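Got some structures for you, see below.
Shared between the two complexes below is chain A, which pairs with chain B and chain C, respectively.
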Partner chain A sequence: MKVLETDNSNKLMLLVARRSFVMCFVLLALLAGPYGHADDGALAIISNSKGAPEEMSISEMKDVFKGERQRWSDGTKVVIALMKTTTTIGNSTAQKLYKMSDQELNKYWLGLVFQGKAKAPKFFSSESELKDYVTETPGAIGVIGLISLGEGKSVLIDGNKSF
Partner chain B sequence: MKMEFIVSFTILPFRELFEINRENERVMVEISRGTVINTASFLLLLSLAFAPDLGYGQEPMSIQSFVAVENNYDTRTDNLSFGFGEQDLLMTADLADKMSFLGETVFRYSSGFQIGVERIIVKYNYKGNHNILLGRRHTPLNYWNDIYHHGRLFFPTTSRPTTFTYHIIPIHTNGISLQGHNLGKMKFGYDVMLGNGLGSSSEMVDNDKNKSISTAIHVKPADGLRIGASIYKDKLASGAITRQGTAVRPIDQRIISAHVAYFSSSIEFLAETSMATNKDDSASANTMASYIYLGYKMDKLIPYIRYDYLDVGKEEMYYNNTDRYVFVAVLGVRYEVSYQAVVKVEFMYSEKETTGPSDVVNFQLAIGF
Partner chain C sequence: MRTSVQTKIWLAIVSIVLIFASFMLVFFPAQHEKSLIKYFNQEVQNLSNTVSLGVKIALTEQNFEGVEMAMDYAKSDSRLIFASMIQLDTIWEKDSNSYKVEKIIISTYPEGFEASTEMASSDSIIVKASPFTSEIMKGQVMVGFTTKEIDKTIARIKKTSIIASFSVFLVGLLIGLVLARKISRPVLALRNAAKKVGAGDLNQQVSISSNDEIGELGAAFNIMVDELADAEDKIKKKSETLQAQNEIIEQKNHHITDSINYAQKIQEAILPPKSLIDKLFSHYFVLFEPKEIVSGDFYWISEAKGSGKLEKEEGSEMNMNSTRIVTVCDCTGHGIPGALVSMLASSVLRETVYSKGITEPAQILDSVSAALISSLNQTGESIAKDGMDAAICSIDYNPSNNNGEYKLQFSGAHNPMYLVRKESPTEVEVYKGDFRSVGFAFGQVTKFTNHELFVNKGDRIYLLSDGYIDQFGSEKAGGRIKKFTAKRLQKLLATIQKEDMEKQKSILHETIMAWMDGKDQIDDILLLGIEI
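Up next is the complex of A and B:
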């Protein structure tokens, strides 16, 4: 009889411990959610008022940033602005957008320019400089961190503000 | 650093422009062909004249350099040689919104130090991804010539395949091209080039009124995959310079090439083949040159193999036919130190009809910045 009571109390303890663990995990996930996502390197696309469309698909975006498109549909020249690969956002851009390491991305552009097939992107050390350049340059399109975008306007990628 | 770069053009009347006085002969190029080239030059100049000013120093010219340090050890002669490869200078600049310039000049040692102008291209982007190219370029006939040019940093092996060393395809052409790339879902690309063609002793003057026509197409149906084909047609006048000396009779040349290239994060595969048919009024010869390259990428280390095969036609009247067949096998490893530096070590076995087998160990440090 005593053995049965001990078994039941152990089961109850286990159940409470499991539920508490799940609750804590859910709470932590809810609290860390938005910040964790941004820290994870969520990126946003910004563009000049001239040139780029308001929305693009992921594949269209990749084609543009790989230098495969010379002109926007309004005839403006495509100008690519990226953060330097030594920065966190630049590194994140290489991995998430290009699916390359920072070294591979640098070699990709070196090769493309060498072939005469594209013009090298403009690389920046700070996101504010990149944003200013995109604002001032017709046809410019660039990648920044979602945090830096703030309430600013971005090019929607498959309907989303970030990727 | 501010640099001034001046591109000058001389506009002459059509007739005068294409009448070339060469010692004892006077060559008159057909006006109809001349008109096409001259009109294109004129339109390019006109667009430059009316282009908005970009501002001096505000759109800087870019200069890049590519160099290779090379050593090789020949097991047959038991000889170790220290050398260096080409020093390649690449210049690019935007001349106007739709016009850009690319120049590639190479300094190399070949019986004395020499300077080679490899590419001089003025590009006019007339619509979307469609361009007109005027100048000297690598004939857009195969993948290697179109992608790697003279950059050892980009070569997957230390040297070019036999197709190049035996000049099976014309490496350079001076002329005018229409080019398009990444068109539609299949990322279709094309090149149509009208050029001076083969047979001239000078790079600047065509020896005859015949023009070469190069037509190349490719598609990129998946990331890293490119499949393409091309055809080159030229007619060499008698007396034209060939790889055997001079042509006794006029030669009709046709080169058909095809390639498949796949470069992913782990697999590197490249295969190309060219079939050249040369005909004169007494004989016809088929020469075939192929190579296949396979590499396996393990982060920065890439072990690779390459196999080249050349079969020169028995009745060949254009290519050097001292060796009717050449076979080359390469086994090597490439280490990508950074995007600016690559080290390659390879063992190359080659077999030629005249000289028999030979083994060479090649080392190359290629850099670009």
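Up next is the complex of A and C:
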């Protein structure tokens, strides 16, 4: 940054104002940095009170969400709830959890459903709908943004609320 | 080949049963199989379409419920062999002007099934494909279903058809048995009864056990037999009556025949005896063929002395220089009427010649004619038109009277005289009779014409009635049966002059018999030939 010096007071005032603006901008940027990162990438797992455990390892979580585990230990059927890949959370879920693009995720589930290996996830357009569904459906487990995590049951992944 | 009613009924029922069985065993299963395959194809196609739609929704809306439901439905069908999801990738060539579509199977149920993009329907599998298109990918769903269930269904249908056909066959047999008994039995009973009636047993009756057409036939048969029996009784009675009448007629006929035979003897008595003719003529013949036992034709031969008086035929001395009279007469009709007239005419002729002493032929005919008219009362209102035709000639055998020749006089009533001279044997001179009869005549009665001529020894004369020349033969002219005719006789006489008189008679007889050729003789035949 280059500071311009002037001879008159107006120019001084303009300089002070400009410095103040830049300072504020830098301060806001510093404050907003950690929170903006958490909204874009941090995902949390929620589940119905029945079925899913309180905590899972990341590999267990992947097994569940890839349809490889059909039932919980209490016998309840595993029901997966995901955000549509057209949403930020859905897109993020595909990349982080499945390591797949949107299209690959769809093809993946289509293949499983086609072969009858797994029951396809229920996809939602809004997190609130997803949360309501999980709350109401026994054995349901879903992925939402960490920021949207509410009072409902969440599942810790390797001891963390998000992954 | 004779086929009984019973056999025909059986054949009809068996034919119907066979047609039905063929329909049930062949046509019906074939049609059903076609329908099953058609509907099965449609069903598989619909399922394929449903799965394809589910895939499209899943890919575009991330809603997998449709495809899940469709696949669950497909998997629950035991006929499903496989379901594959195929991705279609369009690969453009380097020149960007052409492309090819590559098919890649991305998922198949059941896992491990080796599906191919080239799979097609066959006898054992029905394969259907349905395309889908989304932003993510383009592809098609291909499903394969086994046809085993169809085969099983068809087998079940065939089994059912066989059972149904067999049942129909059994029912058919039962119906056939009942019908055959119901129809053929009364028909056979009718046949047997009819045979017996045909053999003359009119006491036959058939029992009527139904009120249908066969029952009506039986009733009609019974009525017919009753009526036949009545008719036979009537015929028997009439036959007996006729027999009795026949016997009477036979008796009467016998009497009549006896009378006629006796009449024949009487009639023969009026003919000159052969001994007399032999004395008068050395060479002659008499061809006399009456149509019936007695005849209307007769001939009369006698001798007249120079004084004009005649000697009686039998037992008289013959004067070889005397005048001899030869007559051939043809009375009206033939048989009994002709014979009666001939008896009268003969009597009148004798009376004329013997009693009246008339020797000139024309005068004789005039006199006889007058006598007949008188005898038959042909002058009154009730005129009997009987009479006779005649040819009469007298020959003066005294050569000194005529310079060595013999004088011959002839007169005829319709009938002619033929003369064949010895010096010209192929030429027949014809002397026609007058155009009137002896006895009754229409109009003014004229006198008969008397012809005079001279003949020499060896010349031959022929007198005849019309029986010979009017005889019908087998030859036809213009569709009509021909008569023998006078011309034909004249030609015949001209050709047989080399023969003696006896031979001529034989030829003339054979000729007329051949001419008749088995046909009936229509009139008495009388032909008399004399050699001077």
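The definition used in the following text is that the second predicted complex is superposed on the first by the 126 of 163 C-alpha atoms of A that agree within 3 Å, B and C clash if a C-alpha of one lies under 4 Å from a C-alpha of the other, contacts with A are read in each partner's own complex, and residues count from 1 in each chain.
To be clear about the criterion, a contact is a pair of C-beta atoms (placed from the backbone, for glycine too) under 8 Å apart; a residue touches a chain by one contact, two chains touch by 3 or more.
This one's a predicted model, so the numbers in the text were calculated from it and none came from an experiment.
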Looking at the combined model built on chain A, do chain B and chain C fit side by side or clash? clash
Is A:R71 contacted by the first partner chain B, the second partner chain C, both or neither? first
Figure out whether A:K84 sits in contact with chain B (first) or chain C (second), or with both, or with neither. second
In the overlaid three-chain picture, which partner chain does A:D63 touch, first (chain B) or second (chain C), both, or neither? first
For A:V113, using the defined touch cut-off, is the partner it touches chain B, chain C, both, or neither? Pick first, second, both or neither. both
First, second, both or neither for A:F123, with chain B first and chain C second: second
Determine, under the contact definition given at the top, whether A:K161 touches first (chain B), second (chain C), both, or neither. neither
Return first, second, both or neither, reflecting whether A:Q103 touches chain B, chain C, both chains, or no partner chain. both
Once the structures are lined up on chain A, find the stretch of chain B hitting chain C; candidates are 24-32, 150-158, 186-194 or 276-284. 150-158
Contacts on chain A seen with chain B and repeated with chain C across the two complexes: 103, 106-107, 110-111, 113-117, 119-120
Interface residues, chain B side, partner chain A - complex: 62, 64, 66, 90, 92, 94, 97-98, 100, 102, 119, 121, 123, 125, 127-129, 131, 146-147, 149, 151, 153-154, 181-182, 187, 265, 336, 338-340, 368
Which residues of chain A touch chain B in their complex? 63, 68-71, 77, 99, 103-104, 106-107, 110-111, 113-117, 119-120
Please output the residues of chain A touching chain C within their complex, sorted ascending. 84-85, 103, 106-107, 109-111, 113-117, 119-121, 123
Residue set of chain C touching chain A in the complex reads 55, 58-59, 62-65, 67-68, 71-72, 75, 83, 85, 106-111, 136-137
